[in-house]
Every structure is written in C-alpha cells, then in structure tokens.
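Next come two complexes built around chain A: one with chain B, the other with chain C.
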Partner chain A sequence: MSRVKELQKSLFGGTTSNARQFGMIFTLVAIVLLFQILTDGLTLNPGNLISLVSQYSYILILAIGMLMVIVAGHIDLSVGSIAAFVGIVVAKVMQEYSVPWFVAILIGLVVGALIGAWQGFWVAYVGVPAFIVTLAGMLLFRGGNQYIGNADTIPVPEGFRTIGAGFLPEVGPNTGYNNLTLLLGLVICVAVVVREWRGRRTRREMQAEVAPMWISVIRIAIPLVVVVFASLQFAGGRVGTSFPISGIILGVLVVIYGFVTRNTAGGRHIYAVGGNARAAELSGVKLKRVNFLVMMNMSVLAALAGMIFVARSAASGPQDGIGWELDAIAAVFVGGAAVSGGLGTISGSIVGGLVMAVLNNGLQLMGVGSDRVQIIKGVVLLLAVAFDAYNKKQGRFSVIDSLMRPFRRDTPTGAESPAEAGQERGKSPVAG
Partner chain B sequence: MRNILVRGVAAGAIALLSLTACSSERTGGDATATSGSTEAAKGFPANSLIGVALPAKTSENWVLAGDLFTNGLKDAGFQSDVQYAGSSTTVADQQAQISAMTTKGAKVIVIGATDAAQLSTQVEAAKQAGATVIAYDRLIKNTQGVDYYVAYDNFKVGELQGQALLDGMAKKKAKGPYTIELFSGSSDDNNSAVFFDGAMSVLKPKIDSGDVVVGSGQTDIKQTATDGWKAENAQRRMDSLLTSTYSSKTLDGVLSPNDTLARAIITSVKGAGKPLPIVTGQDSEVESVKSIVAGEQYSTINKDTRNLVAQTIQMVKDLQAGKTPEVNDTKSYNNGVKVVPSFLLPPMIVTKDNVVEAYANDPNLAPLTK
Partner chain C sequence: MSGAPVLLEMRSITKEFPGVKALSDVNLVVRAGEIHAIAGENGAGKSTLMKVLSGVYPYGTYSGEILYQGTESRFSDIRASEHAGIVIIHQELALVPGMSITENIFLGNEPGRGGVIDWKIANRRAVELMAQVGLEEDPDTLIKDIGVGKQQLVEIAKAFAKDVKLLILDEPTAALNEADSQHLLDLLRGFKRQGITSIIISHKLNEIAQVADSITILRDGRTIETLDIKADGVDEDRIVRGMVGRELHSRFPDHTPDIGEVFFEVRDWTVRHPISAERLVAKHSGFTVRRGEIVGFAGLMGAGRTELAMSLFGRSYGTYVSGQIFKDGKEIVLKSVSDAIEHGLAYVSEDRKAIGLNLLDDIKTSMVSAKLSKISKHGVVDQVREYQEAENYRKSLRVKAPTVDEGVTKLSGGNQQKVVLAKWMFTDPDLLILDEPTRGIDVGAKYEIYGIIQRLAEQGKGVIVISSELPELIGLCDRIYTVFEGTITGEILRKDADPELLLKQMTSVKKAQRA
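Moving on, here comes the complex of A and B:
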C-alpha cells in the first residue's frame, strides 16, 4: 500500500464522510495560525486562550445538546430563553432565600429538566414539531425571565461565580506554572497514548489489519504536541488564572456525550431516528422515548450553560441568552452535521464551535467592529453548509476522495468497519 | 506495544522540553499585579493602546462618541481600539471585547456599559493586568475594579426634565390640573432610575397636591420602564396608554427620558390622531433638534458628547503623565462595593427659546436651528 493511502485510511478514519470533519480541523488550525500572525502572537498568548475558553464554553455546551437534537432531526430555538430563565431563577433563589450556591446549581438543573420534560412531552408524545414547540418555549421562558426578574440585573454570590469565572487553584511547589493545569495536561497525554495502544490491541484481537507503527506514532505525536503546548500556555497565564473551571465542565461533557453518542445503543438510536424515523421504529427503536430524552437533555444543558454565563457575568440580566440558539446551531452545522438529521458528531460540533469562536476572537483582537464580525460569521456559516450540500449532490465528493480515487480498488472493505469502532471519528451507520 | 508507549512518551518529553522555552506570563503578570497601583501613578508610554468599549449602536450619541474617541485619542498620540457591542448578543460581546483589549495590553479601558452589573469579571481581569478602568456615562456596579466615573450629572438632568415639563404645560394651558404620563429608561441601565428620581423630585410635590395627574396611574419605575431603551417598546406602551386612558381625556404632557423615546411617543400620538402633548427629551439628537425647531418635541437636554469625551480623554492624558485625574465628586456614586471617584459635567436644558444659542458651537446641529 502506498504511504499516502495508509495515511488517509488510518489517520483520517478511511472514508470520505470524514473528509469534511478533517477539513474543519484543518480550517481551525489555519484560522488559528492566520490570526496568530495577524495579531502578532496575541491569539495563542495565555491570557487570550484562557479568555477564549471561558467566553465560549457555554456556547459549546449548548452545541453538544444541539448536535443531538439536530441529529435526531429536530431543532431547538428555546435554549437562550431557557438559559436566561434558569439563570434568573437561580439568582433569585440565592438572593432571596440565601440558598447555598451548590444547592442552587442543583435547583437550576432540576428546573432545566422540568422545562425539558415539558418540551419533550409536546414533541414526542403529542407530535407538535420541535420548531413550533421551542418557538413557543422561546417566548414563554423569555417572558418568564422578565416576569421573575422584573427586567432587573440580579447579582450572584462569590461561590457561585466559580463555575463561570473560576480557575484551577494554585497548589504545590512554585514551578512558574499552574501545577494542576500541568497535571491535567499530563492526564490527557497519557489518555491519548493509552487510547492508541488499546486501539491497536483491539484491532489485533479482532484479526483486523493493524496500522503501521509510523502511523501510530504520528497519531500520538500530533495530539501530544498540541496538548503539551496548550497546557503550558494555560498553566502559564497570569497568577491566579489557569485553565477555567467552565472549560473543565465542557471537557467532561464532551467525553461523556462523545462516548454515549458513539458507543452506546441509546446513542446510536438517536442517529437511527434522525436517519429514517420510520425504519428505526420498525427496527424496535422507541421513537417517542428517544425524542423525549433528546429534547429534555437539551434543556438541561441549556440550564447549565445559562448558569455558567450568569456566574461569569456575576449577575443574571434581562439580555442573557439572546441569540445563543443561533450560535449553537451555527456551531453544529459548521461542524458537519446534516440539516436533514442523522449525521454529525460531538467532536465535529466542538470543532465547528471553536472555528466560530476563534474567528470572533481573532477579529476582535484585530479591532474589527461587531458589525463586520457578524457579516464574516454569516458568510462562514453559509459556505460551510454550502460545502455540505455540494457534497451530497456530488455523491459525497470530497477533495481527499478525488485525490485517492485511483487507489480505491484494492481497499479491503471488510477490514474497515470493526477497526473503526475503536476510532473516535464516529460516523453514522444509517447515514443516508 | 510497549514500544509505542515508549515512543509516545519520548515524543511527549521532547515536545515538552522544546516547549518549556515558551514564554510564560507568570513573571510579568506577577510584577504588574503587585505594582499595579504604583504603575498607574508613574504613567505609561504616550503611544500606548487605549481601549474604548461602547454599547450597541442604538442611539446617535454612541456613534458620535465612538467617532470622537477614535479621533481624539489619535490626536493625543495614543493608539485606540474603539468597539461597539453587537446588536443581538450585546453583553457577551462587550465582555469579549473588554477581554480582548486586556489581552492587547490596553493601559486604559473606557467602558460605556451595556449592562452595568454584568462586567465585573472582565473589569477585574483588566485591572489585574494593569489597566485603569474608566466607566463612561454608566457606572459599572459591584466591582472594585472601576477606577473613575465620568458622566453628566444625571440627577440634575432629571430635575431639568421635570421642570421643563411643568413649564411647557403652563405655557400652553394657564391652569391645571395637567394630565401627564411618565416614561423611564431601561431598568438594566443604572442611569434610568437617576433620571427618573430627579424628575420625580420636581413632579412629586405637584402630583401630591393634585396639580398634576398621572392619567394611567402608572407612577412606579417598573411600570414606566422601557426595555433596552428601545423606541419600539416606548411606542408600543404609548399606543396602549392612548387606547386605554385617552380615548376621551386630553394628554397634556409626557415625561420622556431621552430623544429616541420622545420621538417614538410623538409618533404614537400622531398615529392616534391626538393633539401633541409637551414631550421632554435628552441627548440633542439631530431628529429631535429638528422636531424642537418645528415645535413638536418641547425640550431636550444638551449633554454635549464632545465635552464628555474631551473630559475622558483628559483623564487618559493625566493617567499617561502619571498625574491623578481631576474629580469633583467623591461621595455620590457608590457602585455597591466602593464609592467611585467621579467627574460630573453640568447638563443644559434646550427648548425652542434657546435652541439657537445652545447649539451655536455644534457643527452638526447649528445649521438646523437657523
């Protein structure tokens, strides 16, 4: 086999449906490097990376839930209003009844779950389209926010602010870096190595073709360099700042939801429902339950995102959450989800969200006004989805695919599928 | 397989070694964090970056202020970064803009807040990075991070509006009782309550004596608030008031906190085909000055943005030179955790009678008054 083809198959997961996602990763890298040059190195400076994570983690948390909603073939327009509603409830509860902040967070999540159950009920069991249910929810909960908050801005106590404005604490000897952040980086490095090693072991056990050693080295080395660089930057910020708590919450959610959507039956059911609801139901997927849980889950995540934003802003205000649904939906589509449902991944959406975030941040660092930033973001969203539509029309044409077509004939198709189970870049088995 | 582990770890170690050479902000950060206050006293280079974060472009005033800051800071030899919050996600936008200015190493950050209570995290971060924070026109709440506040005396603005409303109505109709309606600004803006309280300090005695009647009975600031200072919200509320209260009664006057809302109120009254009441305003917006000259809107307040921006730039210059900026009020403006030293400029009431003199020095407005 030629080395190029090995690289394509083993590094990129081997099929063309991943091309878009990797295109997005390359776009992200390119944008980061571009702004790094244009802003004279400010983009990757510790202070900026830290504020980038704390500014966008709540949008990325919404994107996780939104990806699942969109994969299931729905949409949720109410997330911003739900976030604002939960934010004001939590702030009020802490202000008027002096509830401890961790109890307030629990109350917030419960309120989110109740709202989610309400919306899920209408979508799944009554059969009202999610667009309508959540449009109603958008009005309902925005009004609820104003009714409870009297359009006032209500401050939240110091402890609560940790989830939005807190950082990993400074502990241990003075190394010139934040020790816990370095530790976190080390854990991620070990995880990368272990995962690759286990992936190879699984392939061997399954009698599948094991990628050559140099491929594995690349697959370990690139993430390691990125992780080491990132953890040094995050750990090297101004004293008292380090990797944001909200970023850790996001990371944990990405790992959990990534696993659920990729490796569990329940997660795959979401893709099945989005790909072809009728076929999924006939195959024994409990359609109503899947729809209910997906909508409910979105509202819980929206509640969490709302609380993180309130914590970061140190107060819940009447303008919270306005336009968030659009940011989350944009992240999911830029990250490669299909408008028709059934296709898309958590990691793709995160990358999509990061592309938009870095774009926004870089343009702000350059001093570009918010008017032009909005225009540029609009164009990027349109082009990303246009690329998707073009792919479909061309029978999944992709740049990598067309380059590789001459080598296609000898691809051992049988060997690919079990091998890919161990890989992260999940694709839907029911992907149209 | 151990082989891979070994190689991976080796690669990681090499990467780690090569990257430890990377710059860390820790040492520099330490220095600025501890010597932040003394550094402010020492001043900073004359070509430093000055950040200006303003709210969304919802009123002419902010657009003008942005232009004045851009030019004024440039003329003073500074680099400037003037940003407006986006139209939909205003608060989050402004938070990100302030963080970006901090990252870029701005020495002074001037903030016209969109929501004065939601910026404390960013303001404190800016402060810790060594920047001086000046709250422009709107006082930033609940944070130690604000150094100065510069604004027009807003209580005085309210008093002038209240007085103008009474004077205007007395001119039109010699004897009361006068029927009025009250409008106030957005409740997330610290100033709204100050304007309203100032106006009520003049109007309340008249209301109590029965000389002035609030037709709808809506005298609480919660009832009179206009969300986001948006014209459409004021117009909607005025439409409903006209329908509910003034189908037979005559409306003599409306207290409006600014010009944008005043014009929305006048539009609403015209739309309903009613005689125009006395309507107050503030900000000297172009359309409202025209309206005053034409005899529609009764009054506005001249809080010349030029003077306010000039005063702010003067503060920046003082800070640059290592001097303590001049303040004239160290008692009135408590932001919840500290009393912020303030410089207050006096406002001026403008009606048809003095419109020519009031704008004589204003290149945009003077031609309109001829």
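Moving on, here comes the complex of A and C:
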C-alpha cells in the first residue's frame, strides 16, 4: 500500500468515500486561502464568516437530508417548495392566530412531517420514482405557498426571528470577545480530544492496529487550530454579533445525523439499500420502511430550513426557496456522494456545501456578477463529479489517489522506476 | 454427412480468464448443411466457445484459429461475424418487449436509405420471414404480447433477415414447452433442407439424439470427442457418458456425517411466477432436511431450484400459492426475509455480486449486515463487537485480506464467497441454503468452501446445497433431490448417486417417475 494512502487511511478511516472527502477538505482549505488572498483578507474577516454561516446554514441543513436521500438512491427536487410552503404556513398562523413562535415552529415541523409522509408513501409504497414524486411536490407546494399567502409577503414576529437572525448572547465579564462563542469553541476542542482518545481506546479494545501517536496528534492539532481561530473570529466580530443560532442548529444536526448514519442499524440500512437494494432486502432490511423514512426526514429538514430562512429574512414570501434543491444536491455530489447511491457521508456533504458557499461568497466579495458566479459554480460541480466518474472508470475510487498517482508505490503494472520511489519518499511524511 | 465440405473449423482454441482456463485446445469441425450439437455440463465451455466464434471475445483475446468457408476469420465484434453470416441466438432473447415483431426483426438492420426506414419493404420482408419460420401472427403485434415460443421464432426470423449461413442456437428449447420445442426442432430440419447449417447447444439430450447429425462433447474446457450420431449409433446414455466421464477423487475434505432426526420439512410448496401468473415455478414440492445433513438439489439451469429456495426464504421470489413449512415439528410462517432470519433460515444467493453483497461495503460491514440486532443496543451498533466478530470469521474462514476494514470489491471470488458465508453464519442459522456456493471460484477455494459446509453440518445444522455441478453434489451431499420444471422428480441417497442416474432424472420427467 502506498504511504500516502496509509496516511490518508489513518487520518480519515479506510473506506473509499472517505478518500474523496480527504480531497475535498484540501480543496476547501485551498479555496479559502485563495479567496483570502484575492479579497485581501476579507474572506476570513469576522463579519464575513458570520454572514457566511447565517447565509448558508439552511442550505447545509438541506444537504444533510439530501445526502441520506441520495445515499438511498433517490433524489428530492421539492425541498425548496416545501421550505417555502412551511414558511408561509408558519408565518400565517403567527399572524392570523397569534400563535406563540415556539408553537409555530412545532406546527412547521409537523407540517413538514406530513408532507414527507405524503411523498414517502408514493415513493416507498406505490413505487413512483422519487424524481417524479418530488417534481410533482415541487409544483404542488410552490402553488400551495402562493395560494395560502396570496402570492404576498407575510412578516414574522421578533421572537421567531431568533432561529434565523439570532446570535449567541453577550454574558459574563467584558473580555472584548463574545464569551459564549469562546465557550462553545472550548467545548468543541474538548470534544475533538475526547473523540480521538476514545477512538484509540476502541481500536485497542478491538485488538486492532492503533495508529501511531503522531497521527493522533495531527488529527487533534489541525482541528484545534481551526476551531481556536474560528472561535476568536466569531467571538471578535461587531458587538451584538457572534456565532449565529442557525449555525448552532446546523452543528447539532450534523452531530446527530452523523452519528445516526455511521453508528446505528437504521443508518446502515440506508447505505445498504442504496448500495444494493436486492441484497439489502435479502438480508432482512425493510426496504419500503427505509425509503419512506428517508423521504419523510428530508421534508422535515426542509421545513426547518424554510423556517430558518423566513426568520432570517423576517418575512415569508412567494419567491422563498427557489433553486435550493439544486444547491443542496450540488453540495452532496461535490461532497463525494455517488449518483447511483450507497456512497457519501454527512461530513463530506457539509464540506462540499462549504466549498460551494465559500466559492459563491468569495466571488461576490470580489465583485463578480451573479451571472459569472453561476457559470463558475456550474463548472465546478461538473468537474468535481466528472473527475470522480473518470476515476471510477479507471478502477479507482478516490480523487486524491489519482492526484498522487505518480507517487504510488503499488503501481499495478510495470516496475516502478527508482525516480518515482525516491520522489515518494520525499513527498510522504510516513517514510521516515 | 461426412462427405459434405467443411464450413467451419475451430483449431486449438484456448481462452483464459484471470485465474481460469475456460477453453484449452478445443477443436470443432462443422460441415456444411448439418445440424451439429455441442453438449457438456454447465461450465464445460460451450458458451465460451460460441462467444469466441461469434466475436463476443474478439480476435486476439484467445489463441487458436477459426477457419470459416475455407479462410481464416478474425472477427473483431459481433457485427463482423454477423456480416459473415454467423448469427447466434442466445438463451436470453435479445428482443425489445415494447416494439412490434417487424421492428424487432429489423432492429439494427433496418431497410431503407439514409437512416429513414422504408416501412413498405420492411413489412413485406417481415411477412416473408415470418412465413419462413412458421410464425403466424400479425407483424404489428408487440413482442410482450406473444409467448416465449413465438419470441424464439422472431429471433430466428431476425437471424434470417441478416442472411444467415451458420445459425447458432444456445439452449433454444430451455424455456419452451413440449409442443413449441417440437415445432422448433422441425424448423431446424427444414433449414437443413434449405442448406443452412446449425449449431445447437442443448441440455436436452433426447432432442440432440433426435435432431442432430453429429455431436461434439466438451468437458472442463476440452474437446472430448466428436461423434456421428447415425454412424456411431449415439444415444442419450452414450452422450451422458462422454459428458461426465471424469474421475472423482479427493476433491473433498474428509467428513463423517452425523445425521440426526428430520427437523425441517416443506410440504406441497407451490409458487407462481412473479410476472406471468399462469406459470408455476414450484409445483407441489416437498422435501425434508435432517440435522447434520447436507442435502443437494440437482437440476438444470431454469429448473426452478433457485426460485424454490428464494420463495421459501421469506417469500422473496414469486407469489405464494400454497404449502407449509415445518421446523422442529411446528409449522412456521415466513412472510418476510426478517421472519426467515428470525426462524433460523439463511439463504446464500447464487449471484453474490448482484444480490448477495453490497460491493461498496467493507468486509466487517458485510459480515454483520444480516443480523445487526445481534451487536446493537437501542439501534446503535457496537463497533468494537462488530470488528471482533468480523475478525473472528476472517480468521476461522481464512479470508485472504489484511484486515476486515478492506473493501469487498478487492477480494477474489472465493474470498467474497467466504464473506457471504460468514454473513449468514453470523445470523446463527439452523438451516443454510447455499445456492451455487462454488460458482466462479477456483479449485483451491472450492475445497475450502466444501470444508466450511461440512463443518456447519458437523455442528448439527442442516445444509441445502443447490448446484449445477453434479460431481460437487455427489461428493458433498448425503442425499440429493432432483428438480425438473419446478417439481421434485427424485430423491437419491449418497450410496446410489451417480451422474448418469442424476442427469436422467434431471432431464426428463417420465423416467424420473420411477420411485
């Protein structure tokens, strides 16, 4: 096995989709640094980071649900319309019946669940392809939004706006920073360390090979640097702003869904269904139930995303959520999911979504018009997936693998030249 | 026939796949105007030979030479061989169900100019061709609306539209009933009178004896003999002897059966085909399995063994009509795969890549996937136990992989099969149904798989082995049932089992009804 692959494996785990993620993280870092230079430091400036999070958190929430839909081998085109529909319903009940905002949120989630059950029924139990069901849903719920709202904009009350436009409040002594954001950063740092430590303990319990200590150190150090830097930036913005509430909602969802997809039987079943539905069925997986729940879950998350957006823009309107489905789908595919299903991770989709978000944001900061931004995003999406398709055809799975091809040690054909071997030793930190 | 000129000669054809020599030094001589049969067990290399001939495996991927009409031919693809007048009709028909008879006959070969089809000519030619093959049907009828027998005739008409000189039929009557088969055989005789040469591959030996002029027998990828049916007085028994004449020794590990009482019984099991409701894939089948016993199911491809097994396994194939399953004296009802797993059944499918494994998984995920509940608490998978369980199986079954984190795609066929076996052993079954457990894996791995099967039996589990390789069944099983067209036609104990008897019971119902 090549040293590069070994490093990659010990840093990110062994499976093929992780390899793609490995490439994406580097792409993300590269894009951030590129724009940091091109925008003269505007990209990583606190104000921009804060608006980046509050502007894209709802797309990333959609990407979580979309990842699961795509892994199961489906697609959901209706998420934007569902978000708009739920947004207008929630705005309307608060305006007309003066329902308190937290009850309104519950109502929104229930409406999302009902819509999801409707779509899941057609997909799982009737067998209509999800593409068609959700295309119909896209029209249905867009029309529903305009019918209920009279194609008009309905404002939402102050309390409700917190979930979209709120920030962690200022508490405690005046440190010049937002204390809660710093605390949050600290909690995440501790979590990173604990997670790595528990991971090592688990490997030892398994009596499996434990990665060398220095790899663990890297796996802790890099995230710590990022988290510390980010907490200082988020905490050090304009007074009254800090880490957005919507970002916290997103973070909680990422942790929960990451756990569910990785560590639970239900999560395994989603991958099994997408990887080989017949094999899954013959292994006792309840195919219909999995498909139903995946579609339903997507709609609930779409409802949540819709409410966050309405809260952020302080009103629900007929144009809300247009094109969201495409942003969410793009995030998932850029993040390494397979079009044919069965492959992909929550964290990959989040990274993929962030790549698209930073790209969008950076280009806007540079003053590039929305026409050209769209063209560039389109090309990036196409290339990211084409690159992966090309790699699969070559019998490889990972992007990074092909980037590193000249340095591979286990070249399948022909003898390796001494030059290549030397190069590899130079490139790979494991060699020493 | 020996006087007629040679139309086709294939000389010392050798074709290798990674790890397997499918054909070695095969020779075939076909004379103009004859019906030449090719016989051999499944896996003997018949289909591979025909794929070499028709250019599916192009020139350069095999060694040896093909002399056709006196000159050496090097076909680069199917179109090249069809251009030379060699047309192959595969067992799985290549027709488009939603298109009409005429459209199918001329598919890829449309009469007309510049891509515009001349329907007048097409329709007229279609009627002529249909008359030639004896197909009485409106040429505008859709393929899906006619029966398999007539579909077969459309395939042949399609071949005639291409100006065929050498017609190759791969198991043409496998899916046909008696009357349709007879019609097809008559048709072949008619073609012979028109001077068309045919090669027919068939498992139905009585048909070969009836219609063919000469026969070439293949075994293990080698030519065994070519016989003149009339001159050599060849009958079914003679063909069978040629097909199975192989020695059986020490291809199986030592095993002393320790057989207990009957614990699993199926009665009157009848199942309908999932699509064509009038077809029964299992007809009033009944059998028993004892503890510690390895029971074989012998039958030709399409005999309904897989369908029977899958319909038992939580009704995962076809529509249940009638029948009962008893386990340990009590009737059990298995309406879903999870019911079946819960009641201690395991089914290792015949096609491990298509329906046995999720090829995106790693070894450990695959191995525990059929009973995650065993290592989960409140739905959360205990990953330490997952790793340990998988690691134990990797060691005890000797799966050749460095760790269980390895992806299953990277494994060889034999090792993938071990992973699938582990997956089902992990569910703690009482009865394992293994469908073609050694298909496509090499001899060494086969030996190991046999060992695993025997160990399972020694643990007191019942094992059903479905296999198309008779020597495998005879060497491995304590008792063998023969299956023909969804019916169990015979039950043979190990001491009585010999290939000729089995083949006879597998190929015709009448003879099988001796018991």
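As a working rule, the second predicted complex is superposed on the first by the 383 of 432 C-alpha atoms of A that agree within 3 Å, B and C clash if a C-alpha of one lies under 4 Å from a C-alpha of the other, contacts with A are read in each partner's own complex, and residues count from 1 in each chain.
Here, a residue touches a chain if its C-beta (ideal position, glycine included) is under 8 Å from a C-beta of that chain, and two chains touch if they have at least 3 such contacts.
Remember, predicted model here, so these are calculated numbers, not experimental data.
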Worksheet item: Just from the overlay, do chain B and chain C fit on chain A, or is there a clash?
Response: fit
Fill in: First, second, both or neither for A:343, with chain B first and chain C second
second
Worksheet item: Which partner does A:34 reach: the first (chain B), the second (chain C), both, or neither?
Response: neither
Discussion item. With both complexes overlaid on chain A, does A:136 touch chain B (first), chain C (second), both or neither?
Written reply: neither
Discussion item. Tell me the contact category for A:360 with respect to chain B and chain C: first, second, both or neither.
Written reply: first
Worksheet item: What's your read, chain B or chain C touching more residues of chain A?
Response: B
Discussion item. Going by the contact rule set out at the top, does A:209 touch chain B (first), chain C (second), both, or neither?
Written reply: second
Worksheet item: Shortest C-alpha to C-alpha distance from chain B to chain C once the two structures are superposed, in angstrom?
Response: 19
Worksheet item: So in the complex, which bits of chain C are touching chain A?
Response: 313-314, 316, 336-338, 340-341, 347, 349, 354-362, 365, 369-373, 376, 379-381, 383-384, 387-388, 391, 403, 405-407, 423
Fill in: Contacting residues of chain B [partner chain A, same complex]
1, 3-5, 7-9, 11-12, 15-16, 19-20, 22-27, 29-30, 33, 56-57, 81, 83-93, 95-97, 99-100, 102-104, 114-121, 125, 128-129, 141-143, 186-188, 222, 225, 227-228, 336
Response to the item:
Per the touch rule above, chain A residues touching chain B in the complex are 42, 45-48, 51, 55, 146, 150-153, 155, 161, 164-165, 176-177, 189, 192-193, 196-197, 200-201, 213, 216-217, 220-221, 224-225, 228-229, 232-233, 235-241, 309, 312-315, 317-320, 322-324, 326-327, 360-361, 364-365, 367, 369-371, 373-374
Worksheet item: Quick one: in the complex, what on chain A touches chain C?
Response: 14-16, 202, 205-209, 263-266, 268, 271-272, 275-276, 278-284, 286, 338, 342-343
